[in-house]
Amino acid sequence: MSKSHYDTFIRHLDEEDKEAAVRYAWNLLDKGDLSVEKLYLDFIKPSLNNFSCTHEDKDICIWKEHRRTSIIRTILEISYFFVMKRRQNIPKAGQSVLVVCPEEEYHEIGAIIATHFFTLNGYDASYIGANTPKEQITKAVQTFKPDLLALSVTNYYNLVTTKKTINALKDAYPKLKIVIGGSAFHSLNARNQLDHDFYIDDLNKIKTILGGSQR
Amino acid sequence: MAEPLIRLKNINKTYNPDSDFPTKVLFDINLDFNRGSFSSIIGQSGSGKSTLLNILGTLDRPTSGTISINGKDTASMSKNELSSLRNKTIGFIFQFHYLLPEFTALENVLMPHQISKEQTDAEAYKHAEELLDFVGLTKFKDNPANEMSGGQQQRVAIARSLMNNPDIILADEPTGNLDSDTTETIYKLLRDVNKTYDTTFIVITHDRKIAEKTDRVIELKDGRVDSDFTK
Amino acid sequence: MKLAFSIAKRFLWSGKTQTFMIILGIAIGVSVQVFIGSLINGLQDDLVNSTIGSSSQITVTRESENAYINNYTSHISTLEKTDIPFTAISETINLNGSLIKNDDSKPTLLRGFDYGKAEAIYGFEQALTEGSLPSGDNEVTIGVLLAEKLGLGVGDDVTFVMPSQTNQTFEIVGLFDFNIQSVNETWSLATLGTLRMLADLTSNQAGSIETQISDVFAAEEYTVAIKNALPEDLSVSNWMQENAELLSGLNGQSVSSIMIQIFVMVSVVLGISSVLAITVLQKSRQIGILKAMGITDKDASLIFLSEGLILGVIGAVLGVLLGLGLGLAFQTFAVDAGGDPVVSLSIDPGFIAPSATIAMLAAIVASVIPARKSSTISVIEVIRNG
């Protein structure tokens, strides 16, 4: 991977040329020039985090951001093909994980990426969706009986519901391990108020969960 | 770290403590608010958030516990001292605007100044007019308060709360009965004040659009601080 | 204070109809007071005037009956030296007898005056209906009814008869009408000289000294002063001793007038305080807002006291004007056949000013309760019920 690859990728996104961007990403993965992990962490993550809009009108910025997110989402979907290809060669971890965004949390790119990372680490990983109410999450846990539940939260305001969700889950399933990740958890003050088992600030750390080193 | 602007220590509040049915609404509240911070208090109705705001605003006294404002314990202050503290240090914005309908927009804005008994000189008028300009209502300054729209009245109320350059602004559902566009305008205005004057804001709101933009979200549940998240 | 006053003004102005009604209420109360008070005072003045206006109010006589005052001129100068506000002092001599014409005889009280002095008491000139007052010996002016009964007129002769005295013939030079039946039926007027001659008196003797005073209701205390100033053998009487019934009637009127005024005042006070109490409720929201902004309880109370003051002053001034207007209308339209007012009102600033002042004070007192109530208004209640 090189800087020029990234620049080309970003140029396609800036031009909002969906076809070019998706094709370019596919080719990089297909030729083996880029791993799925690197695409996620070094291309997609900065492309979203560094999105800057100089437009006077804030409303224009908002739809432009949504447009970019939609292109990224398609790239994520096609990248799953490469995740499936690699999974056959990865030893099973023997653990299952449910990834979910709590109620009112609509930022799901991170959650989808995390699900793919879990899969690439040998987990039986399922992504439920964005904006999932506490009751639905509890039902899903009841049905799937996962070993881990991963909550992805971007907007710090959603920590309020996140806390309620975690408390409900811990009450019902004391053995369930809770994993938290997302920009809402940057503050230690926030993490301290949440009854969690693992905090993932770097997706590469997912492999350490199996080792059992908590928090 | 500097002393917080407001410090609540072990605040308890019981209504009708001597009756057969005392109602305890606040339990051991401990909160600090720093100068220039912009916090929101959320919680279901009956969670005690309005009571907490009233205690913060010295409109109500806690059954036990202390509130210090600028390092000064309010429990030892007389009624008149509290009036003066409210007049000079605290600005209130309520859901129902609470303008004096008998007065014009400009007169309403001037009122806190007149209450402070300082001479209402040209400078005070100028300041009031600047504030009305700040909230975008210069054209309406001589309109009777009761002939303005809800959003306009709320903007007058904000200008009024700023008249004596208070350290703290307490707002109880400031956008509670406004449409979403007006809500956005009002929020931006409050943020502007917060940045321009370094005014400390504590806002009760059930509007998540407002709450998620504040720097700190405190959730009250059954009279206790259930969560307290800072951005 | 200035702030409270300007807020009060604005509160009152914002509820114009209500404010107008309270002011009207006070004004009507005050106007009724002013009108009724002036009317009753006028009635009393009329009554007093018609009863004792044309008679002696304090009279000096000899202690023993049928005795004459000696040296009366020195007594008159003694009286004039006192600080009693006499409006008239006049000596008089009276003789009882009969007037006879042909076979007809009527009892009469023959009275001798110095008409120059006594005019101030009796107003003879105005009472004269025909002819003139007696000026020489053997001239007499008699009451119209007496003349009618005897069938006499001006220019006729008449004989005056006293028991055990020689008869004296008079020429009738005039007739008078004092509007009082008993006087018109019995009085005959002659000169002091004529009377002295008939009674056989010296020029320094008189039957009694009659006076009038400017303050008729002080007659009792002046009587005491006069008694102290004159020799002991003289007796002093006054109109009050002789008109006890009139006095109690006047007292009754005064008391009823005061009662009316008290009740009017009480209703004004109740009216103002109940309306202001409602105002506190109406304005509790505003008071709550002002308190949140830091107004002190004292200033909040002052708002309502100021309202009372403003209402009281405007109401009282309007009430006085309205009362005077009513009085003027009454005097213009309630007139007798001759075009004179039925009752002449007594417009007394010394009565109206206290009435107006009391109304103002009442308005302020009435606002004390709502003012106190305002300090109990809690901001939280207002916000909660907002």
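Each chain gets a letter, A, B and C, in the order it is written, and its residues are counted from 1.
Keep in mind that, in the parts below, a contact is a pair of C-beta atoms (placed from the backbone, for glycine too) under 8 Å apart; a residue touches a chain by one contact, two chains touch by 3 or more.
Computed from a predicted structure; not experimentally measured.
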Review point. Any idea which two chains share the most contacting C-beta pairs?
Key: B-C
Exercise for review: Taking all protein C-alpha atoms shown, work out their mean, then name the chain whose own C-alpha mean is nearest to it.
Suggested key: B
**Study point:** Chain centre separation (chain A, chain B; CA means) in Å
**Key:** 39
**Study point:** chain A and chain C, separation of their C-alpha mean positions in angstrom
**Key:** 106
Exercise for review: Calculate how many whole Å lie between the centre of chain B and the centre of chain C, each centre taken as the average of the chain's C-alpha atoms.
Suggested key: 68
Check your understanding: Which chain C residues qualify as touching chain B in the complex?
Key -> 3, 7, 10-11, 13-14, 285-286, 288-297, 299, 378-380, 383-384, 386
Check your understanding: Mind pulling up the chain B residues that touch chain C in the complex?
Key -> 50, 54, 57, 59-60, 79-80, 83-88, 92, 94-96, 98-103, 111-112, 114-117, 160, 172
Review point. Can you list the chain B residues touching chain A in their complex?
Key: 42, 208, 211-212, 217, 219, 226-231
Check your understanding: For the complex, which residues does chain A have touching chain B?
Key -> 104, 155-160, 163, 187, 189-190, 193
